[in-house]
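Alright, structures below, take your time with them.
Each of the two complexes below includes chain A, the first together with chain B, the second together with chain C.
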Partner chain A sequence: MTKSYLVIGAGAVGLQIAQDLKENGHEVWLVEESTMPGGKFNSQKPLEPGINLAYFSGTYHPGDYLFTSKAVSLMASKRVKVLYGSKISVIKEEEGKFYTEIIAPKENYTKVFDGVYFTPGFIPFNPEEKAEYLYGINNFVLTGLELENLLKTGELKKNPPEKVAFIQCVGSRNNGIGPGKPYCSGFCCLYSLKEIDLLKKVLPDTIVKVFYLDLRLYNKGAEKLYQKAVENNVSFIRNMISAIKEEPKSYKPIIRYLNNGRFKDELFDLVVLAQGAELSPNIKTLLARLNITENELLEFYGTPENPHQIRPGIYFAGSFLNPMDGADSMVSAGAAAFPQINLKESVQSTMEIKYFTNTGIIFCNCRGSLPVDELKGTVADLPSITISDCLNEDELGKVRSFLLDNQIGKAVFAGCSKIKIMPGLEKLAYEESIGARFEVVNLKEQGYSLYGKEKFKAIAQKLLAGALARLKFSTTPALKVKNDITFDVVIIGGGLAGLKAAEALTEKGVSVTVVEKQDSFGGKHKNKVIPLEGINLKEFIEKIVLKLENRGALLLKNAEIVEVSGAPGNYQLIIERFGKRLNINAAAVILATGTQNSYGHYRKTSQIIFQEDLFSSADLLSQCDSIGFLQCAGSRNDLNPICSRNCCVSSLDAAIYVKEKFPEKDVFIFHQDIMAYGKYEYKYLKARELGIKFVVYNRGQYPEIKSIGGKIQVVTNENYLDDVVLDLLVLAEGAVPNKENEKLAELFRVGLDEFGFLRESHQDISGGYFPKWGVFVAGEAQGPKTVREILSSAQNTAKNVLTYLNQLQNSQLKVNYSEVIEEKCAACLTCVRVCPYSVPVVINGKNVAYIDPISCQGCGICASECPNKAIVQNNRPHQGVLAEIRVLAGEGK
Partner chain B sequence: MKTGYYPGCSLHSTATEYNESVLAVVKAINDEVKEIEDWNCCGATAGHSTSAELALGLPLRNLMLAEKEGFEELLVPCAACYNLFKTAQFEVAHGQKQDLVADLEHQLGLTYQNKINVLNFIEYVLKPENIEKIKKLIKRPLGGIKVAAYYGCLLLRPHNVVGFDNPERPTKMEKLLEALGASPVRWSAKNECCGGSQALSKPELVVRLVNNIVTNARDNEAELIVTACPLCQANLDGRQINWDFPDQNKQLLPVLYISELIGYALGLPAEKWFAKHLVPPSLKA
Partner chain C sequence: MAAKVLIYQCSYCSYLTFDLLSQYKVSLQDNIFLTDLPCTGTISVNMLLEAVENGFEKVLVLGGTGNDCRFLKGSQRAQKRVEEAVKILREIGYDKASIAFYGLKPGDVDSLKNILNTI
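Right, the complex of A and B next:
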């Protein structure tokens, strides 16, 4: 059933949710306070690893491209309303409906919605509130963003600082009096590392010291940055800085910290503060109108089944739900949208496509920054229109009427980049059933920015003429339908992620096969009875298996995948089971192979056990008076450098469980950095309140463990603490990539990252997609995760699969695909080998290659590689490119 | 407005110049304060370090007596007394102390409403009507003399209890100094620890702490330090001339009560107050 949703905040998460809801036929209103989409990705360029190109690129960066493109194609749809610079002034809940009033720049609206998604992200903590850091008074104290700006403008290079200090957790992890939030803001450690990386690139000789509480580098990209920082001689000092003092007269900042048990006052040239995350006051007001207090939100954890829904119809996602980095935000977006995404009934084409014959030009002056008016009528005598802003519904509406009124079937868009505008234009034409083809000329970046005002006209005219020449040869878009699809989804791996994804998909009516190599389901979590993140995993997994059996899912134990053939939409898998081979067809495959345990250099004894043993039997706990947990036993070491994420949360949960049941027992946790990021910090706080003792050891310097007289002795290096004597020591095993990953990567032709995990198309913003169509990843196969993160990831992947199935079965107006000219094809397999999406297949019997137009992503690699030029890329045929080159080279003039 | 006055033990003994200068300033601006009758110890140091009940009971008796006399506000110049009074009020308001209050009411035959506005001397002077009068009455403008305003701890912390100025970056005394025509210096030690009552048990520690504070003031070109706490004044003034003071060759800095400096600016006979200081103030009469 189609419903209407309000999405508050057009950042990465809001845009993704809006897109998913819209694609599924829902009406969406996206309300954004600022004037641009993209949120933090847009404004704070190098916030996340991966979008590093932003560092030195000035005005353009992929974040901007990606989110403008997403926003334009949303706005091109009539089912979507995107309001920038707008605010919700009233929101009222009555019998499951949400009555709102929205104040937008031009007009105010009253509107009723069926559900509300809160995705406003966060605002940075104002460091002025922490007066002890002198921010706003002392010019040598900056925020990370200000430092970045000084680096970009080159200011810092003119007057390079010799020594720079970074202070972490400014406004976060504050559980005492004074300003700041108790939770961990999750991304600031990573963020500071990026700033340091940038600083060291510009000024390699700068001495950098980082003052931190715990270095929460839990994501796999962060570890790389950390290693690099260590190589660059960055010092990391675990110390809470209580105040910044000033050197008399020069006012340079002095930081006092503990150095080998003694105070040290050190002078710095610059101090950079890592601001934490806060809720925007406007959002707090909105929540209050829905009777949700700030504390309720901060403590909101959701149920395992519904981690994003606080009440029916009210959803939280992204870093608003829990401070998190970009990668986790995108997963959260997908998981939050999942409940509203359904498998659509197959809507094969009944659409009549209008094919117009006129050619026109759409100019965009990009909010008045491009002098496009001087080009009008100078290149060709064609109907034209000038819009001023692609992120404006009314302007896009003008394009719509321009196409219809002038019966335009071919158009050149002259403004900014193709990446930003093309998906939106195609969407717009599709909604009007116009079979139009477009070419885009990037007057801004390839003209104005590059050549300046004086040369702009001449250059722009040439570019425009070239595009018009190219346009003559591009092919008309055609309605394409994919035949021969099966709707089965095969999930490889029957652990928590695989089962959860299967549960989610079967709930929506997709038939699922789960292939598990071992002789039981549930993977490494299957025996855990002590609640982990509030879940008795043994029961949880048993329940899912039962549900799947009832829903008729095919659950194959002791089964292994041995061969894969076919293409997206119709994979043929061969599964081997007890020596027998089984053929299964699948539209999509989810790789959910999880991780394997890593035990480092440790061995089990009767008194030294691993977390999995502890969680599997509550009896162990009652038999001992003192218990210790050794963190990072199998991770963050020479064998396995990255953080396994789940182990700190597990130990905290187990320790709290023990201490609550048996308050008299002594509980110790020996750790490097407690990875209680985001809201997990509350667990850490609770553990400390309960009297659990935390003992730090330095990275790579594991405490010595001795077995003496039936007890375990842990030798600590802390001068305040004697050696600890324990009855039971629990080692936190780490997670390493599954050995199967290599084989799977080869079978399904997906990539592996440098650690051996399956590589997504983009670590931060892909939200669980591979570049390849039809193959998906869920859970820890992509990288270590906590239990809740695994569940979220599985739900997100289920959403991705549903979206994909819906795209597959519905007709699409495709122009951006490659086609094989059968007469020229020699079936040499070049296209089959080069296609990054594995789309081309050689049709049996016919001996020619076939490229499925629905699956084709239109990259054109096959067309340029084909030795016999037997492949045409429809939106950019060879003749068109040649014609354009001739114009640009000045031929024929 | 009926204002009560609570001097406490210091202002009647080691800090008589603080007492005299405060009262002289009050008189000069034509205001009136009346000492609470039969006041007792505020509960500081000896009291609060031995008994939690005394720490509340002693200041509460004073506050009850003040209410009995009908004072709406109470001027408490000593920072320690001020802190104890504020703490007692805070505990009564937020700390479930009904039993203690009832007990005291019964024993003393008084009632208590916890409504008196307790002011330290800086707050008192910064009241708009008072500061305006002071500005008009200035007879000896301070001519831009560089002054380091030293707050110590008791006036500022715990912030949620005393609620006076930003504990990390206080500025109220600076505002006052500017009104008097002095130039407050920008310095980093204004809320550093003076050593407090460790002066008796660990004098060497206090010498080091005082040295840090005074050196920082001097390096920021301060000519004198002002404070509003008898213990801070005693430590900062007294420990500078200690025999093992590491910085003997440097010029010593006079340490005045803020009230003395105001009195001096108002042309009051400050010299007799200054005579009690170990580092003689260099201000010319």
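Right, the complex of A and C next:
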């Protein structure tokens, strides 16, 4: 049933949710306070320069790419209304409906919605509030974002600082009096490290010192940055800095910190503050109108069934729900949209695609920054149009009518980068049922900005002429209909992620087969009875399995995938079980292999056990008087370099559990950095309040463990603490990639990352899918996760699968694909052999190769390998490339 | 006049790195021309030699690194084609032009700068 939804905030998360809801036929209104979409990812926003780089997790990547095409394709749709520079003045909840009044620049609206999504993200904490850091008073104290900007513009090189200090947790983890939030902002450790990396690249001789409480580098990509920083002689000092002083003559900042038990004053040339995240006051007002207080939001962690819904109809997602980085917020977006995504009924397509024959040029002057007018009419005598902004609904309307009025079937877009604009343009044409082929000439990033003002015109003319030459050989995209599919999804791995994804999919009517290699479901978590993140996992898993059985899902234990054939949308899998082979067809496959435990260099004894042993028998705790937890026993060491994310939260939960039940018992946690990121910080605070003792040991220097007289002695090497004597020591095992990943990657033709986890299409922005649709990843197979994160990830993947199934059964316009010219084909099987995705097949009886356009990814490897040139790559025919080379090589135009 | 250079980018990796270049205050001379392919694996020996024939004295193919290619093995294929084309140039004894393949990670501006400096 079609419903209407309000999405508040057009950042990366808001755009993703709006897109998912729209794809499923819902009406969406997207309301954004600022004048542009993209939120923190937008590098063009004047107010927050350079912020785009900081919030991504593993890579340096311009954020604009993530949202521009999404925003354009949303605005091209008639079911979506995007309002920039707008505010919601009234919001009222009445009988499950939301009555709103919206003030937009041109018009005011009143509208009733069925649901509201809050995705406003956060605002950076203003360090001026913490006057002790002298921000805004002393010119040598900067925020991380300001430093990033100085680095990008090269300002810092002119006057290079010799010594730079980074102060972490400014405005976060502040549980005392004064401004600042009690939670951890999650991403600041990572972005400070990224800035240090940039700084060291530009000025390698700078001395850098980082003052931190815990270095929370929980992302799989972050560890490398840390290693690099250590190699670059960055010193990390665990110290809370209470104030910055000024040197009276030079006004340079002085930091006082504890060094070997003594205070030390050190002069720095620059101090960089890592700001935390805060809620925007406007959002607080909106929440108050819906009777949701700020504390309620801060304490909200959702139920395992519905992690994003605070009340029916009100959903939270992204870093608004919990401070998180770009990668995690995309997963959160998908999981939040999931309840609204349903399996569509297959409709026979009645859509008629208009194929036009004219060629045209669309210029975009990118808000007046590109001198495209001097190009007009100088290259070719073709119909053309100039727009000024691709993120403006009216300007996009101009493109639409340009295509229709001039009957344009092929067009060159001369403006910004192809990655930003291409998907949006294709969507725009598709919405009007035009089968159009676009080529993009990147006049902005790879034209004006690279060649400069003087050379721009000559270069741009050549590039434009080249694109037109190449366009002559391209064909128009084709409408492909594929209706007869089965809704069978095979999930490989019956752990928490696999089961949760199966539950989510069966809820929507998809039939599911779960293939588990072991003889029971639940994987690592199957026996855990001590509540982890508020969930008794043993019961939780048993309940899901029962539910799945009732819904008729096929649950296969002791089974293994041995062979895969067919293409996405129609896989044939052979499953081996007790020596017998079983054939199963699947429209989509979810890889949820999870992780395996790594025990480091430790071995289990009667008194030294691992977390898995503790969680599966609560009795152990009652029998001993003192319990210790040793963190990172199986992670962040030579065997497993990355953080396993789950173990600190597990230890905190177990420690709180025992201390609440038996307050008289002594509980110790030995840790390097307590990874209680985001709202998990509240667990840490609670643990401290309960009197659990935290003992820090330096990275890599594991405390010595001795067994003396029936007790375990942990040697601490601290002045303030004697050696700790325990009855029970619980070691935190780590998570390493499943060994099966290698085999599965080979079978399904997906990639592995450097650690051995399954590699998504984009580490930061993809949110759980591979470049090739049809195979998906859920849970820890992609990287270590906590239990809540696994559940979110499984829901997000279920959403991706539903979207994919809906796409499969309905007609779609296929733009990038290769085609076989049957007369020329000799069925030599070269294409079958070289295709990275095994798409080409030789049709029996006909003896020619066939490339399924839906599955084809459009790389063109087959086209260039084909000995008889019997394959044409429609999106970039080889003759087109050759024609372009001739134009580029020629003198003049 | 400076020697003409043609650079084939991969749409999924080096294209993005070129997009980033200007943020790092890099500029290009007008003897360098950029064009992109959906995947560098689609490049043919023909495309490389035709470029040389048309007067480009340097032809560079910038793909991804071995293990993070969008199309899994595209970069490896491109590398092989380049080797083939280089071999042909050597066989006919033509030494006025050079063809080369470089693999870099998307967003790796530093490596790209180094490559551009060698031109």
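In the analysis below, the second predicted complex is superposed on the first by the 721 of 893 C-alpha atoms of A that agree within 3 Å, B and C clash if a C-alpha of one lies under 4 Å from a C-alpha of the other, contacts with A are read in each partner's own complex, and residues count from 1 in each chain.
Note that a contact is a pair of C-beta atoms (placed from the backbone, for glycine too) under 8 Å apart; a residue touches a chain by one contact, two chains touch by 3 or more.
Note that the coordinates shown come from a computational prediction; the quantities given were computed from them, not determined experimentally.
Engineer: For A:Pro304, select first, second, both or neither according to whether it touches chain B, chain C, the two together, or no partner.
Structural biologist: neither
Engineer: Looking at the overlay, does A:Gly25 come into contact with chain B only (first), chain C only (second), both, or neither?
Structural biologist: neither
Engineer: In the overlay, answer first, second, both or neither for which of chain B and chain C A:Leu450 touches.
Structural biologist: Once the two structures are laid over each other on A, A:Leu450 reaches chain C alone.
Engineer: For A:Pro383, select first, second, both or neither according to whether it touches chain B, chain C, the two together, or no partner.
Structural biologist: neither
Engineer: Kindly classify A:Leu134 by the partners it touches after superposition: chain B alone (first), chain C alone (second), both, or neither?
Structural biologist: first
Engineer: Which chain, chain B or chain C, is in touch with more residues of chain A?
Structural biologist: In the superposed model, C touches more residues of chain A.
Engineer: Regarding the shared-chain residue A:Glu246, is it in contact with chain B (first), chain C (second), both, or neither?
Structural biologist: It touches chain B, and chain C stays clear.
Engineer: So in the superposed three-chain picture, is A:Ile254 touching just chain B, just chain C, both, or none of them (first/second/both/neither)?
Structural biologist: So A:Ile254 only meets chain B here.
Engineer: Pick out the shared contact residues on chain A: the ones touching chain B in one complex and chain C in the other.
Structural biologist: Of chain A, no residue contacts chain B in one complex and chain C in the other.
Engineer: For a test of understanding, state which residues of chain A touch chain B in their complex under the given definition.
Structural biologist: These residues of chain A touch chain B: 130-132, 134, 137, 177-178, 243, 245-246, 248-249, 251, 254.
Engineer: Please name which positions on chain B make contact with chain A in the complex.
Structural biologist: Against chain A, chain B makes touches at 158-160, 166-169, 186-189, 216, 219-221.
Engineer: Show me the residue ranges of chain A that touch chain C in the complex, using the header's touch definition.
Structural biologist: 59-62, 65, 152-154, 201, 417-419, 442, 445-446, 449-452, 455, 458-459, 462-463, 466, 749, 751-754, 759, 761, 771, 816, 834, 836-837, 857-861, 863-865, 873, 875-876, 878, 881-882, 884-886, 888-890
Engineer: Could you list, by residue number, the parts of chain C that touch chain A in their complex?
Structural biologist: 4, 6, 11, 15-16, 18-28, 30, 33-39, 41-44, 46-47, 50-51, 54-56, 67-74, 77, 81, 106-107, 109-110
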